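Structure record follows, encoded as structure tokens.
Labels A, B and C are assigned to the chains in the order they are written; within every chain, residues are numbered from 1.
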Amino acid sequence: MSLIYAIDIAGTFVFTISGALAASDKKHHHDIFSVFFTGFITAIGGGTIRDVTLGAYPVAWISDINYLLAVFAGVFFTLIFRRYIIRLSRTLSLFDTIGMAIYVVLGVQKSIAFEVNLLAVILGMISGIFGGVIRDTLLNEIPLIFRKEMYATPCLLGSALFVVLHLLQVEEQLNFILSVLFIFAFRLLATKYSWSLPKLNFRESS
Amino acid sequence: MSLIYAIDIAGTFVFTISGALAASDKKHHHDIFSVFFTGFITAIGGGTIRDVTLGAYPVAWISDINYLLAVFAGVFFTLIFRRYIIRLSRTLSLFDTIGMAIYVVLGVQKSIAFEVNLLAVILGMISGIFGGVIRDTLLNEIPLIFRKEMYATPCLLGSALFVVLHLLQVEEQLNFILSVLFIFAFRLLATKYSWSLPKLNFRESS
Amino acid sequence: MSLIYAIDIAGTFVFTISGALAASDKKHHHDIFSVFFTGFITAIGGGTIRDVTLGAYPVAWISDINYLLAVFAGVFFTLIFRRYIIRLSRTLSLFDTIGMAIYVVLGVQKSIAFEVNLLAVILGMISGIFGGVIRDTLLNEIPLIFRKEMYATPCLLGSALFVVLHLLQVEEQLNFILSVLFIFAFRLLATKYSWSLPKLNFRESS
């Protein structure tokens, strides 16, 4: 499991950067504290909601100082390399997608360990997206999951895939890798080919 | 208790519809995922906050797949009948009020079971209104409880009524029905006769 | 510990007033319920997030009716003396800073009791600021911690100071007083001399 742990910490690092950059986009959030706090919330929000909903105490970032160190590293990295990061936003977006895919699968895995088989699908998705939801809400914006096409949907489907393969007794590590790759590839393809979900027409006549 | 359970599941269904319709009102939230997620949050938000605050694990929707199925049913119902639902908004508002009344009383009842007698009043109200509060906040709107006259107040009073009748040892089922009816009737009358709470005048001279 | 308890209850009272006044600033939140609910959230939000994250059940305000009574007292005080309070806003701001300092140190102390030594720094800060964060988010505003210079930073530093002195085995009561005084003095000086954190320049060339 040490590879998965390393990936988890790396995911925290990358999510912090994406959160810190979000703070830097808004007029009022330029000081160092705001960047730290926004990065922190983005990185630990989803897992905290998951653990608190499961009653999985101690909550992940409370039980292991390495998560907070990864947040600090992400904040410092953002502060030092901020001009380069912005130019590299495509690369960063890739990392963000990797981070999200890993968070989702770690989340669904932990939820299954708490014996919530089918509902683990929802908790996996929440692990991946809720840090960003809290970040956007605090910054007084409509959450990205509502604005960006096919952002949460790959999380939901990848989370469901892991549960299905788990019920089919696919070996855990293989399942982990397959589900992460699925989310990652689905998100990339959706972006590249502009896939979108059906829009709903509530007001006009059909 | 199977009647109350059926009512609870029906409340989830109705709350999902009201949440899904809220998403459909905003420009950016038209895709199916947004409708699902907004409906889901509206339906399970209040109970989740209550259970997590109580430490009542497993949280209601985690321990019973029927809540999620009711959410799915509500989402599909909204998608299929959306044009009719909008025309029937008065009817829907009735169902929403029934759902809210039931959530409040179920919430206060569960809180009492956790031996928080007086504070159960607050937790009952939170059960009824917080799903909507989270929904509105995510959609970047001022929560309905602040905008709509006499929306949360009937919940607070009905919650208090249940606690008082409980302390007076009124039979549980009777208390349940009386308190739900009280909230429902109070809300209907408040809407019909435009009852309002005293407004506060902070700025001008008296 | 009865002095600290009294201070805690007084902090709840003062935080309620500051929350209730925030509601009164916005057009739509003038009725009595809105004032109560906003005051309540401000007063109990930070401690609730802390306790739920720690799994410290029962949550503080659930286990002791005096917190709710302090909230009611704060709401009534605001309603009766609202015109004077607004004129006394400098005085109130002092009380708010005292309340915040106490909440931070009580938060870090409780977290240490749950054996989260270093991460107690974060939880202490969260105890002090998150009630206000939730209040501002519900009122659809950018949280004060992002808008006001040096608002959360003193909390973070004071929280760290308490942990350091704790690890150096400074006597608990003395540590409590020193840390509260540090936060209070730092915040006052930061306001008086317009201290600010380095601003970040993400967009322009250097």
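Worth a mention:
Convention: a residue touches a chain if its C-beta (ideal position, glycine included) is under 8 Å from a C-beta of that chain, and two chains touch if they have at least 3 such contacts.
Quick caveat: nothing in here was measured; it's all calculated off a predicted structure.
Looking at chain A and chain B, the chains in contact with each of them are C.
Rotation relating chain B to chain C, from a C-alpha superposition: 120°, rounded in steps of 5. Two copies of one chain, chain A and chain C, touch each other, and the residues they use overlap weakly: the shared fraction of interface numbers falls below half.
For the pair chain A and chain C, the distance between mean C-alpha positions equals 29 Å. Each of the following residues of chain C touches two or more other chains: 52, 55, 137, 140.
Across the interface of their complex, chain B is touched by residues 21, 23-26, 28-35, 37, 40, 48, 52, 55, 57-59, 61-62, 65, 68, 79, 82-83, 86, 137-140 of chain C.
Across the complex, chain C meets chain A through its residues 52-55, 116, 118-119, 122-123, 133, 137, 140-143, 145-147, 149, 152-153, 156, 196-203, 205-206.
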